[in-house]
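Shared between the two complexes below is chain A, which pairs with chain B and chain C, respectively.
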Partner chain A sequence: MKGNEAVAEAAIRAGCKCFFGYPITPQNELPAYFAKKLQASGGVFLQAESEIAAINMVLGAASAGVRSMTSSSSPGISLKAEGISYIAGSDLPCVIVNVQRGGPGLGSIQPSQADYLQATKAMGHGDFHVIVYAPCSVQEMVDTVFKAFEIADLYRMPVMILADGLLGQMMEPVSFPDFTLSEPTKKWAADGHGGKRKKNIINSLFLQPDDLERTIRERFARYDEIKARETEAELYMTEDADIVLVAYGATARVVKSAVNLAREQGIKAGLVRPVTLWPFPEKELNEGAQNARALLCCEMSMGQMVDDVKLAINCSKPVTFYGRTGGSIPSPTEILEEIKRIGGVV
Partner chain B sequence: MTHEILAAGFGGQGVLFLGRVLAQAGLIDGKEVSWFPSYGPEMRGGTCNCSVCLSEKPIGSPLVTHPSVLIAMNTPSLEKFIDFVVPGGVVICDSTMVDTEVSRDDVKAFSIPASQLAADNDLKGGANIILIGKLIKETGVFTRETFKKAIEKIVPPEREHLIAGNLRAAEIGINS
Partner chain C sequence: MAVIFQKPKSLSDVTQHYCPGCTHGIIHRLIAEVIDDMDIEGETVGISPVGCSVLAYNYFNFDMIQAPHGRAPAVATGVKRARPDLFTFTYQGDGDLAAIGTAEMVHAASRGENITIIFVNNTIYGMTGGQMAPTTLSGQVTQTTPFGRDIKTAGYPIRVCEMLATLEGTAFARRVSVDTPQNVREAKKAIAKAFELQKNEAGFSIVEILSTCPTNWGLNPLNSLKRIREEVIPYYPLGVYKDKTKEGESS
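Let's turn to the complex of A and B:
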């Protein structure tokens, strides 16, 4: 199954009842799959007139307490930024998928990871975060979708799955785990009260500064909880590693191959793969890098994650960067050369 | 053993389908598999290729840059990728469509007039499967039984009548 299709199938199984989207390569198989399957499972698929309309439809459906999703690729995600900020400001759960392509502007339609900063730091205006997951295989995309809906409901906030054209377009074998739907009762939902309870109001406008500050501080207290509980990373061959590479998503696969090549040549390389990009796995990175002399950050961008890596280890070790951008995918041999260049000890 | 296969040709020759059959066959044999298409603007009437990895180990990059097997369905594809084939690798050409010779002597090159054979045997569009037959014959990447299971799995029920043609096409390649 293609990554894009697998995401849609997983979402339907996770109880997603509304999908709103607007076409853009390389994520088109995702809405196409929903278009074929969602209605049959009692949901609504709607191709909106624009990305902006789609994200605001998500806001509406989420307000009514319905599991909702939208997906797009980089330029389309930028258009959704305003709506995502409103959703965060309204404390609404939803899942947003970004199958990244090269940017800026219309860029290219090839795989990229150049939306890292947007996703982790500035997904819209205002003081807020979205939880960002970065799966690295089609199977992990599936598993992440289930988790994303649960986490979104648990913390009442948007969750982003940050994929890329490579993960969206590739096919891999995939299995769908048995999933028991455990959607919580949403007492806050504006789903019609029939005169039987107090009305619920979904709102992101607070004209009194004190009121707004209070809601933001409440939200940030929740963020602290998320940082403590939901941070995830994969550590690969880091125990004795001289050089620790840091990479996420599709690039992490390439880096894993490079680490294996390096090990075959006697170079002690390892990989720390952030699974959550926000919150960033600081503790896990420090654990993985404790015996390293140097860190090498690899991305399909000009180095958007490097600062997070440096901050996480408090600049205690040299951090260098190797990346390709604009839709180019690095090869394992390129990365191996870079490992050697920064001094892989044989 | 890891096979990194690159299949390339014009859009419409069934390059992506060829790749899917290989990936499905690998899956049936219990291997780790990945399939990654070129999805750029070149698909619209131009060249088209897809990467398939079959391995006993988890697959790193699904993008094949240095193939161990190159299947070339036209001249531009052979010219574009021949230099990247690993030494000792296998190159299979559809000689109806490829009008140049393989320029390297450190690879195992095979050619078969797959498109012509498809036309002669009333198997329109079957050149891709004939090439898979040739691949089975020359590399033993999987067996004809595995191929049969893969085809039966991939061809949708409403097109079941196409299975026999695909099996016949593969036999032409295997017996060439």
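Let's turn to the complex of A and C:
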């Protein structure tokens, strides 16, 4: 199944009742699948007039307590930034998929990982975070979608699945596990008080500085919980690794091949693959890089996650970067060459 | 003793922040009265905008959502599509609706979205200190048109009801005013009709209400009402611009 379609099918199985989107390549199969299938499962598909309207429709549906989702690609995600900030500021759950393409501007329609900083550091104005998952296969995309809806409801916040054009367009065998939904009762929702409770207000405005500070601090206390409980990473052949590579998403697949090639040639390489980009798996990275002499961060960008890698290990070891950008995908041999080069200089 | 006048149930018992002479208070009351009359307080979700009426979520006694600037019709669409059994209206000023929210307004109407927009047109951005709005009249002095709105550089004021009436999805569009007791009664009728249309799943409805801004117009409350009659209504004539119901078709 194609990555984009698998995400949509998984979302329907995860109890997503509303999808609002706008056409943009390379994620078009995702809304198209919803358009075909969501209504039959009692849900709502609506093609909005803009990315901005789409995210605000998500805001409305989520406010009413209904599992909702939108998807887009890089330029479209920039347009959604305002709405994502309001959703975070109003403590609303939702799932947002970014099938990244090359940027800045209209960039390209080829795969890219150049939205890392946007997703993990500044997904809109103000003090807030979204949880960011970076799956690396179609199967993992499916599994992540289910988790994303659960986690969004659990912590009442937006969850982003940061994919890329490669993951969205690739076809892989996939199985859909039996999801057991655990959607909580949403007592906070604006869904009509029915004369049974006080009115609910969904709001991100706090005119008194003390009130806003308290709200944000409460939210950040929740972020600490998320860091402790939800951080995920995959460690691959790191136990004895001299050189530890760090990569996420589609790039991690290429890097894994490069690690295998290096091992065949007697070079002790390993891989740490962050599964959550926010929170960033600092502890897992340090564990994986324990015996390493050097780290090599690989991305489809000019180097964005590499800063988090340096911070996570507190610059205690040399960290180098190798990246391709503009829609180019690095090859395993390219990365192997880089591993050898670093192996030589360390 | 029989109670002959009281606060509607759908209005919260709190002090409103509106300036003296501003007609937001009247409009809030009319909405609350209609919701009481229809007995739909428990199933209503109101959407407040960005602007003077942002705090409307504190003033109504039903569930409320505060939308990003101009996006209220999209938020209302999300609510209504997710829960068609709920009653949803947006409360928006001229800047929110007819400038930054133009796309959301036009497309909600075009889709025939079964929501109601209460559009409060006071020809100025009030909350931010009186800047030119899309509805600011030609020659009107504002903070950003200190020499009066010059059509040559700032363009023409937008007539929202007339524009939306051209769209197939619009079921009802009416412009009213709250400058006289008689007009206040008419305004209430218009709101009641729009809300009834939504209950009957007739599609998109909008009630534009001409409103005062004594503070930013630099006029006292009485002269503000006078300005509505002498300057605002002549450019924004009161009336029904679209009515897809049987009464509307026969008139």
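Heads up, the rule we're going with is that the second predicted complex is superposed on the first by the 343 of 346 C-alpha atoms of A that agree within 3 Å, B and C clash if a C-alpha of one lies under 4 Å from a C-alpha of the other, contacts with A are read in each partner's own complex, and residues count from 1 in each chain.
Basically, contacts are C-beta pairs under 8 Å (C-beta built on N, C-alpha and C of every residue); 3 or more make two chains touch, one makes a residue touch a chain.
These numbers were taken from a predicted model, which means no experiment stands behind them.
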When chain B and chain C are modelled together on chain A, clash or fit: fit
Which partner, chain B or chain C, touches more chain A residues: C
Touching partner for A:Pro177 - first (chain B), second (chain C), both, neither: neither
Touching partner for A:Thr25 - first (chain B), second (chain C), both, neither: first
First, second, both or neither for A:Ile202, with chain B first and chain C second: second
Partner chain(s) touched by A:Ile109 [first = chain B, second = chain C, both, neither]: first
Touching partner for A:Gly126 - first (chain B), second (chain C), both, neither: neither
Minimum C-alpha separation between chain B and chain C after superposing on chain A, in Å: 30
Complex contacts: residues of chain A adjacent to chain B: 25-26, 109-110, 165-166, 169-173, 250, 253-254, 256-258, 260, 329, 331-333
List of chain C residues in touch with chain A within their complex: 41-45, 47, 54-55, 57-58, 60-68, 71, 74-83, 86-87, 103-104, 106-107
Complex interface listing, chain B residues touching chain A: 20, 23, 27, 33-37, 39-41, 58-63, 65-66
For the chain A and chain C complex, residues of the former touching the latter: 17-18, 20, 44, 46, 48-50, 52-54, 56-64, 66, 68, 82-83, 86, 90, 190-196, 199-205
